[in-house]
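Since the structure comes first, as structure tokens, the remarks are kept for the end.
Order of writing sets the labels: A, B, C, D, E and F. Residues in every chain begin at 1.
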Amino acid sequence: MLRKTALFIGRFQPFHLGHLSVVKQALKENDFLIIGIGSAEDNYLPDNPFTAGERWEMITSALDQEKIFRDRYTIIPVRNINNYAIWVEHVSKILPCFQKVYTGSPLVKNLFENYGRNEVIEVQFKIPTSATEIRKLMLQGEEWETHVPRVVAQTIRGFKGVERLKIITNFYP
Amino acid sequence: MLRKTALFIGRFQPFHLGHLSVVKQALKENDFLIIGIGSAEDNYLPDNPFTAGERWEMITSALDQEKIFRDRYTIIPVRNINNYAIWVEHVSKILPCFQKVYTGSPLVKNLFENYGRNEVIEVQFKIPTSATEIRKLMLQGEEWETHVPRVVAQTIRGFKGVERLKIITNFYP
Amino acid sequence: MLRKTALFIGRFQPFHLGHLSVVKQALKENDFLIIGIGSAEDNYLPDNPFTAGERWEMITSALDQEKIFRDRYTIIPVRNINNYAIWVEHVSKILPCFQKVYTGSPLVKNLFENYGRNEVIEVQFKIPTSATEIRKLMLQGEEWETHVPRVVAQTIRGFKGVERLKIITNFYP
Amino acid sequence: MLRKTALFIGRFQPFHLGHLSVVKQALKENDFLIIGIGSAEDNYLPDNPFTAGERWEMITSALDQEKIFRDRYTIIPVRNINNYAIWVEHVSKILPCFQKVYTGSPLVKNLFENYGRNEVIEVQFKIPTSATEIRKLMLQGEEWETHVPRVVAQTIRGFKGVERLKIITNFYP
Amino acid sequence: MLRKTALFIGRFQPFHLGHLSVVKQALKENDFLIIGIGSAEDNYLPDNPFTAGERWEMITSALDQEKIFRDRYTIIPVRNINNYAIWVEHVSKILPCFQKVYTGSPLVKNLFENYGRNEVIEVQFKIPTSATEIRKLMLQGEEWETHVPRVVAQTIRGFKGVERLKIITNFYP
Amino acid sequence: MLRKTALFIGRFQPFHLGHLSVVKQALKENDFLIIGIGSAEDNYLPDNPFTAGERWEMITSALDQEKIFRDRYTIIPVRNINNYAIWVEHVSKILPCFQKVYTGSPLVKNLFENYGRNEVIEVQFKIPTSATEIRKLMLQGEEWETHVPRVVAQTIRGFKGVERLKIITNFYP
């Protein structure tokens, strides 16, 4: 029954206000959204501190709070493979069908343009703070919570995410 | 907000009427259901003929037809790992939290009982026909469609699933 | 400069007279042939007894003897991946460009037809003896050498291939 | 200080009286013995039901009982790789140095003879019952305990090993 | 018979005086020590220059010299997995049972605290020189041998470990 | 028939004039050359931007132009493995036999000297520009085309290689 399905793929380390605005935009323009959690099996690493399960919790709690109901989207973990030239096929075979791709990553955009059969939309996050910068703020002990949905900040505090990030960043200097 | 979440894990090769009755039972007894597609990266094999994406289509179309709405469940692919003794941890870290496990597989039951912290419910499929037997009927050219939801039979015919099964079964004698 | 390039993919366990006739046919119909050695990293297994290097030696010695020069073809090992639905992409990215695919395997044919952008030609081996049957003859101590090019039989005897096959077949009963 | 070191490699599913006699023989002929647990990451499979940790417990408890002290041997898990032609190198780089190899497997013997630089001794188990046959006795509910050291039987009963074997064997018919 | 078993896990690149003092402390407080060689399959890399076999030789020769007998400890290689959230389970299933964990790594400590069922003891190396700093001294041609047991320095010189470290560090600038 | 076979192994990211001069030297000193494309499954990465298939096209087009005929050499993709201590065996089993190794990499030289049975020749590229430096020139928008065979520059422009390199380098800062 659902006609227009889109994919929004990201690592969501963590899920922030820019990601939220993309979800809203994609749901305005499509009937159903697949949210792909990239690098799903990586965790406890400086660039990928949170597990796929923890990121699932962040995203659903944020969308619940926004009254975006679970019948409009699904969340699917996607593991990383080093052979990027076949990554588009890997993603496409493990996911349900989709026609459009939303992404903030020029690499993902380039891969889908070269190897996919989908329309690709590069999104500009409307806030100046990327996930990389949020992790830096966490490490430096500065204010980071205003850049993520309130309930995401609670979730991260709940499993002591900032302490974890500091430990693993010291471990890989 | 959702209090009781359960996991129903299977390979769904294909999704049949027994699976459907478990989904209904689990949704009566819980608030939210995670449907885990096992061996998600295996496909075009005699025991695993269909891709994860194809199985996703089977399940959602069957549940749509039953008026089971997508805000009650989510579908997540889970890849196989040979080291079963750590499989429960692997599954638990990639999925959102759940308290109960529904399964028709004695192995999955045994693993969760030995290594998990969840309540495990072994389900008895109410029809006498397992997925293994349905694939046998397909191979022998006998009636198999009555054992799956009508829309699943359509989906399988749509991508020529029976022809595929015959080809790959001849290939691995 | 070479215009028409074809791919002939097989496991060549061992390279037999049927394979040789396909190489000849493909070189009549094309300018250049890529011979892909499938399951290249499998060896010392009942269905894959010989290493990729040993199979390379079989093929080149057979083609040398037939005066098929090495500027007409190249041999490339292709490792197996279990996720067949992305196998066509995997093969295509690791190999040079080709337009046609020759194969004796209905599975390979089906995969390229579903996922590739190439013309696929299913070849019928003109001899009644497949590689599977040649390995059976080897195991039963019967005449197998007439089914392979003479120099291939020499190569196999040189590294005691039949003895190896018997050892590994007993090991996996 | 230790001059003569040997390797005894097996899967030990389970560790039986034949294995024990090889350990004794090897320790008579050498100063130190490395006991390699093969297929260490495989478990909960019909041919590999027990984890590496469980097999470690079987072996040390049996040797403790025999007053074979732990300064005469070490136990090291070795994971399986499908590419057998490089398996000897894989094993040799992960283990301490050794000069002799004891094995009951013709495949392991063949691999070390082709690719290793060690003396290889093929051992004949002095009892007529292999690990494969012991697992069959377990499945059929027949007497199996007389074929293993008494303390190994206790260990297996302790973690309900026979029940596990029955479950996983039904799962992979 | 052995009651208290501990695990000391590290990469031992190389095994130094700080590691030695932890082994001594752990053996005072426990009956038996499992020494886990982390990242066992990594080698010839700037942070992991030595093979598992070479590290095994370093450790046993150092402990032999200290009259710490082999019946008090065992050394087991543990390969790295990127999915740290299941690493504790991976380690626990491949090793014999243990109750306490000694580690100098905050990450290992954090992982066992979050996911393990063991007591975790974070050790402070009593010397100011870590393995990382020893490898730096090696690269800069400065005095490093006083930071490791004498016999370890001999072992490293024996296989030209410093030359190797220089080669691989130039290769990955 | 061919007596002297050599291996020249490199990543060829991209294939440049220094590589070309090694091929010429090796073909003067040997009858046949195996050109191994290292890290064959890595691509779309800052240090490995081009796929194995693209590198195959670069090499053959350059050698075609130089009138080096395809019966003098073969090109074989070799995938990377992290366990370098067994890499020489891995390479040797997947390739046809060779007696000499040409390499510009001190690590490859060291590995073959320690673990191989071949003569190793370390080549000094006669031009001052390595592949690493060519990729830097590409990124900085400077003249890079004079460092590669003319037809290689055309090939890279054909698939927009410089644009790709810029995208992936920004992605991994």
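By definition in this document, a contact is a pair of C-beta atoms (placed from the backbone, for glycine too) under 8 Å apart; a residue touches a chain by one contact, two chains touch by 3 or more.
As the structure is a prediction and not an experimental result, all values here were calculated from the model.
> Which contact partners do chain E and chain F have in common?
Both chain E and chain F are touched by A, D, going by the contact rule given at the top.
> Which is the least count of steps on a path of touching chains running from chain A to chain C?
Graph distance in the chain contact network comes out at 1.
> Match interface E-F to one of A-C, C-F or A-F, accepting only the pair for which over half of the contact pairs are the same residue numbers.
Matching pair: A-F.
> Would you mind pulling out the distance in Å between where the CA atoms of chain B average out and where those of chain F do?
46
> Averaging only over C-alpha atoms, locate the centres of chain D and chain F and give their separation in whole Å.
That pair's centroid distance is 43 Å.
> Take the average of all CA coordinates in chain A, do the same for chain E, and state the distance between these two points in whole angstrom.
Each chain reduced to its C-alpha mean, chain A and chain E end up 36 Å apart.
> For chain C, write out the residues touching at least two other chains, lowest number first.
Residues 41, 43, 51, 83, 85, 93 of chain C touch two or more partner chains.
> Please list, in label order, each pair of chains that touches.
Chains touch in the following pairs: A-B, A-C, A-E, A-F, B-C, B-D, B-E, C-D, C-F, D-E, D-F, E-F.
> How about chain F: which of its residues touch chain C in the complex?
Residue positions touching the partner: 1, 40-41, 43, 51-53, 56-57, 60, 64, 69-72, 74-77, 79, 92-97.
> Help me check something: in the complex, which residues belonging to chain C touch chain B?
Interface residues on chain C, with respect to chain B: 82-85, 105-107, 110-111, 132.
> Under the stated contact criterion, what part of chain A meets chain E in this complex?
Per the stated touch rule, the residues are 41-45, 51, 164, 167-168, 170-171.
> Using the touch definition up top, name the residues of chain F that touch chain D in the complex.
Answer in residue numbers: 83, 85-86, 88-90, 93, 115.
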